[in-house]
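Shared between the two complexes below is chain A, which pairs with chain B and chain C, respectively.
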Partner chain A sequence: MEIDQYRKRYEAELAKAAAADRRRPAAARAPAAGKRPSAAARAKAIATTPLDRDNLEEAVTELLAILRDAKEPRTVRTAALAVLAAGDFLGPRFAPVRARYKDALREIATDDVPELRERALELLALDKDPYAQEVLAEGLRRPQKALVPEAKAIQLLGYDDHAENVPLIRRVFRRATGPAREEALRVLATDPQSERLFARLLKDKSEQRSIRRLSASGLQSLNPDAFERAARRIVADEDDDDAIRAAAVAALTHGREARQKPVDPKLVQTVQQAGDTTRSRALRSATRRFLQSTEQ
Partner chain B sequence: MTTGAARVDELRRTPGAAPELAAMLAEQSPWYAGRGTNEAERLRGYILASFETTGLPAEAVPVVIEELELGRDPYTVAAAARALRGAREVPDEAAALLVGAIARLHATDEVVSFDRFAPAPARGEAVTALTELARTFARLGPSAKPSLAALHALVEGDGDAFSPTVRAELASAAEAVRHADSAHAGECCSEHAATAPHVAAGSAAVELADVALEDQDGTRLSFAEAFAGRPTALAFFYTRCSNPDKCSLTVTRLGRLARLCDAEPLDANVAGMTYDPAFDRPARLKTYGADRGVAFSPRCRLLRTIGPLDPVRAAFDLGVGFGPVTVNRHRLDVVVLDAALGLATRFERRLWDEGTVLEALARAA
Partner chain C sequence: MHVEIRIPGADALGRVFLTWTPVAATARVVNPVGAAPVPITLRSVGSGGRVRFATTRTHLGTPTLALKLPASGKPVRFFVAGAFGRPSVSLGDVVIQAHRTRTKLLLGKKRCTVRVRKNAQSLTPAERDRFVAAFGTLNGAGAGRFSDFRDMHVSAATAEAHGNVGFLPWHRAYLLDLERELQAIDPSVTLPYWRFDQGAANVFTLEFMGVSNAVGSVQFAAGHPFTTWRTDGALGISRSPFFATGSPPPGLRTELQTIALGGPAPNAQYANFDVMEGNPHGSAHTSFGGFISSIPTAARDPLFFMLHANVDRLWAKWQWIHKRTSPDEVRAFAPAVPNRIGHHLPDTMWPWNGVTTAPRPSTAPGGTFASSTATTAPGLSPIVRAMIDFQAVGGGPALGFAYDDVPFEV
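Presenting the complex of A and B:
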């Protein structure tokens, strides 16, 4: 579905919900005098009160005040942020309040509540916000200052492939373990200087399967010819991991189709042999699909 | 980038330093080398905003105009608006460009501040980019009157898209211009155009004949094989460009230009060359061009250099800077070469149209 169609449908749903909300008693949103609803009830009331053109300024002012107020319960502030973030999806309709919203996000990016911090940084990072990028990078340089886990910071910095953080992420990759290492590879898939790194990791049978898969995808994106050469060797190597061999065959199938390359008899033979000699269902299935694609 | 910002701070305090600040705006300046787009944009914005107090030198006017015409970053566009306030002679088109920028940025407005170099304004600073644009429009005086109708249509037609504060600023700006006294036009502005010419004449011969290139199909050829023997329109782009009015539009227009050449008919080459040869491999070039209506042929290609772009960048003095991974900033650059690979003319910084480049090609034939 086109984004505009999706947005229109979303707006229509919001308008319908807003009409229902206007019929609801005001107490559903504001605490009645002398009796303050529970945090859960307030969060629910906030979450079910959509923003629309009629109440935008007033409602956003109220939501921003809740979001910024460290004394408010975490669930209430989180609900306020969720409604604001959904409002931002409205695009031009949210425009009148967007500057104030973004300013608040920057403030919340260093909040004491980790979930709010992470969500605010994510929303800012999607917008390639320089402030968010700076604090995220600072957290990678000085982990004691990190506002979010290392893997999350790398992921968020990766939203901007024009940023200056790639050299930093190359360094982080060398020291990282687990999810941070994988996230770093995802980011480096846009970095032509990382081509050799991907080729080396893809070839390295001692590497984790997830790392080798990410390396295959990174190398294919950066240099399809280099990937094809490496993938051929992997497919032909009966000592290699069958899951990686299957992934290599699948990528060769897709790459050949996408680039509309002619059928290479040698490659067909290699793939045929891999399928004939393996016990791996995944590899057999991948080779079948490759061979079918060459017959079309 | 602290050193760049510190240098700007120093020049802001130095009388007569505006030309040096203007020189810092060149995309290929070492000040931007190795920086990401955000940081490069921020430094440019910081420099541009300085011209409000130092005065806007003539050599910086094309950059201001370019930013108002094409800029997408609210910070830098607002800075260009502030730069205009330091102009002794405001270009005729400034008011129309300000209205265009207001329309372009209305959904991405944000708080800006130019008092110090920081990735975000200090808490409590509440002036937004659109407010800066409105305030500059207000100061243009009578020269902005022809753009009042467009501003009015924008606010009336899409009034809900502006915050009450911005709406009030725009209304106040319109009121100021409406009542501006023509007799006092010279106090702020002049109706005299001060923009650099759209088409800058070139003179240097090109010595790139042996530079190795590869086209969207993976065909390898030298610069001379690609272009010698007939006139050439060569534009520069890269597929990762995030400004739709720059590279995407450039390649779309190259496709149209090639069709115009066929229709004339004019025996000419039409080509685009990527700034980002390590990333823009043939398959990527082919998809990018096809998606923008380019009908590839031996006379119409998208190309990359095999190896660094440096010789081409140097030969054409391209306005492009590079971060650690890709381009961090570029201007629009189109060169027209004659059949002997001499530089016949060039179009830079401003939006170009196919008809004008077609005429330049015909002259170079």
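Presenting the complex of A and C:
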């Protein structure tokens, strides 16, 4: 490709786009006096009006007012929250307004609109906000008080790697079904007391595939040697689910590399045989990757 | 008689990696027959990439180059660079051949790789699989070297890397450090970019960056290297797109709108361009829920690095189109506002500088910057200035990365 021509073409594209932007009418974020644009138009105007440093304080004040206003349409409030959350990525530039933003998130965490509630709680939980953690835990303890679905609450509590909520998650796991069980296992991968649980679930062929896959990773995290012993048995077992065997091989690959363990010829043979005898593309691909890793 | 082609920067196995930046190479005759100079023609062949040649350091290289090599064996210098638009698709897929000009007799050859960052949407399945395999290894089920990179992008480090003019240089260094670690695992790998202003249906698949379930936990195909992904002890990746992943997220500035931020030529300024930190950068992050939507957790998601590769590509493209590659050009960078160490051209960057006294964070994870056999830049403790002219348009060593759509142009 000729660079000079490439440059000319790109300059022409830039000029064309700039001309089109100049022709586009400015959209209003707030309703103009006497004339109310549609909610969709206002949401779009909010979403496409960035928080740049020149207008930051003024724009944040306006957006916080929209976010807090329960009479505003849901789409408009959601757009305001999205722009504020993006503004948080400005780091120190957002600092003068961050406290007001967090206060608004705590307020919205109990809003009537479920999407806003969930998003606000997530943004707070990502920041390990104690208020968010407390209301999420309370929702797990007393489901009638839950602000978000159980699986989501477990996931959000898991954003904090400190162990305060682990006993609660263990209890929730026992009663949970579906996605909440999976989310609980993700969090319990940091809990030494859950090692036996993971070993049992991994071994249990009647368990759901997703649960066994998570259990493989969980056991590996808590006791790499116990995982390796279990994984060898699973990989060698032609009657087991090929997806689980593939997950076990993938985990063995990364576990071996991370621990810089020497190559075990017996394990290599087992993995090789699994790859040679299966019709599963996933298992073949995982065994190929394992074998390549042993050659490096 | 044969011709030996030497390209500096080969790795321990003799493998050579090129980008679009011309590299000074040599060709010489070994075991000559007679005393007359040997006329040769250089060209490149192969299944994937291509290179171009020149006798000066220029972007105007040609597909072939005629040289006369002295029979004394004295090396003759030439320049070689990846042919823009023709990157490699696999390791060593370019062969530089030296033919005797008149007889076309093959006298020598050298294998190399034109290694540049590509659009994640257009990777071949093999390129995609090598990338995720290397990244999975770097994570090492939570026990790998990736944990250092995760620890570099945390709350305590926010002011090192965000909300100031050093945002773009710091992240350029961060990505390159990570990319070099990936290349230590698989040298064919580069960091692909997620072009967030276009649909990326090939990216959000079970085989690549995963598909989010209803709760926002990312699912992968069986055996995918990210099925063992772990950060901060917890399993998996939390990510919920607020858009249809076959389309771009709404509300983000397009590439052309972003490039226009700096103002029109010839007065485009970095001080105006870097408002892109808000939109599209921040807006791209928050087009998802989950790890990637908040600074302290964003780097727990491998997609973060592909998002930032696109942010860096946009800067690279702005630098190229407005010729803002020289750190001595005042409009290529801007004063730090507010004034803070780490955001001026001569400042060293945390954590590679190892400084842990205030106002720097109290720990410096990861040690010094990863080195590369392909280049000496930017050194073990890079300064902000070293991140500006990444393709070494102004001379000196390049940083050793490039984008498939941002050419080298002097």
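In this section, the second predicted complex is superposed on the first by the 267 of 296 C-alpha atoms of A that agree within 3 Å, B and C clash if a C-alpha of one lies under 4 Å from a C-alpha of the other, contacts with A are read in each partner's own complex, and residues count from 1 in each chain.
One rule holds in what follows: a residue touches a chain if its C-beta (ideal position, glycine included) is under 8 Å from a C-beta of that chain, and two chains touch if they have at least 3 such contacts.
Keep in mind that what you see is a predicted model, and the values were worked out from it rather than measured.
S.K.: Should A:113 be classified as contacting the first partner (chain B), the second (chain C), both, or neither?
M.R.: Touch status of A:113: no partner.
S.K.: By the touch definition at the top of the document, which applies to A:268: first (chain B), second (chain C), both, or neither?
M.R.: Neither partner.
S.K.: Between chain B and chain C, whom does A:226 touch in the aligned arrangement: first, second, both, or neither?
M.R.: Neither chain B nor chain C is touched by A:226.
S.K.: I'd like to know which partner A:122 touches here: chain B for first, chain C for second, both or neither.
M.R.: second
S.K.: Contacts for A:250 in the overlay, against chain B (first) and chain C (second): which applies, first, second, both or neither?
M.R.: second
S.K.: For A:91, select first, second, both or neither according to whether it touches chain B, chain C, the two together, or no partner.
M.R.: So A:91 meets both chain B and chain C here.
S.K.: With both structures superposed, pick whichever of chain B and chain C touches the larger number of chain A residues.
M.R.: Chain A has more residues touched by C than by the other partner.
S.K.: Can A:189 be said to touch chain B (first), chain C (second), both, or neither?
M.R.: second
S.K.: Return first, second, both or neither, reflecting whether A:146 touches chain B, chain C, both chains, or no partner chain.
M.R.: Neither: A:146 stays clear of chain B and chain C.
S.K.: When the two structures are overlaid on chain A, which partner does A:213 contact: first (chain B), second (chain C), both, or neither?
M.R.: Second partner only, chain C.
S.K.: Would you tell me the residues on chain A in contact with chain B in one complex that are also in contact with chain C in the other?
M.R.: 53, 91-95, 161, 190, 258-259
S.K.: Could you pull out which chain A residues touch chain C in their complex?
M.R.: 1, 3, 6-7, 10-11, 13-14, 17-18, 21, 44, 47-48, 50-53, 79, 82-83, 85-95, 118-119, 122-123, 126-127, 149, 151-152, 155, 158-159, 161, 179, 182-183, 185-187, 189-190, 213-214, 217-218, 220-221, 242-244, 246-247, 249-251, 253-255, 257-259, 280, 282-283, 285-286, 289, 293
S.K.: What residues on chain B touch chain A, complex-wise?
M.R.: Result: residues 34-39, 42, 106-111, 119-121, 123, 128, 158, 160-164, 166, 240, 242, 278-279, 281, 283, 323-328 of chain B touch chain A.
S.K.: Hey, which residues of chain C end up touching chain A in the complex?
M.R.: 59-60, 83-86, 129, 133, 136-137, 139-144, 155, 158-159, 161-164, 167, 213-217, 221-225, 227-228, 230, 232-236, 238, 242, 250-251, 253-254, 256-257, 259-260, 264-265, 275, 277-279, 281-283, 285-287, 289-291, 293-297, 321, 338, 340, 407-409
S.K.: Give the list of chain A residues in touch with chain B in this complex.
M.R.: Spelled out, the residues of chain A in touch with chain B are 53, 57, 91-100, 102-103, 106-107, 128-131, 133-134, 160-167, 190-193, 222-224, 258-259.
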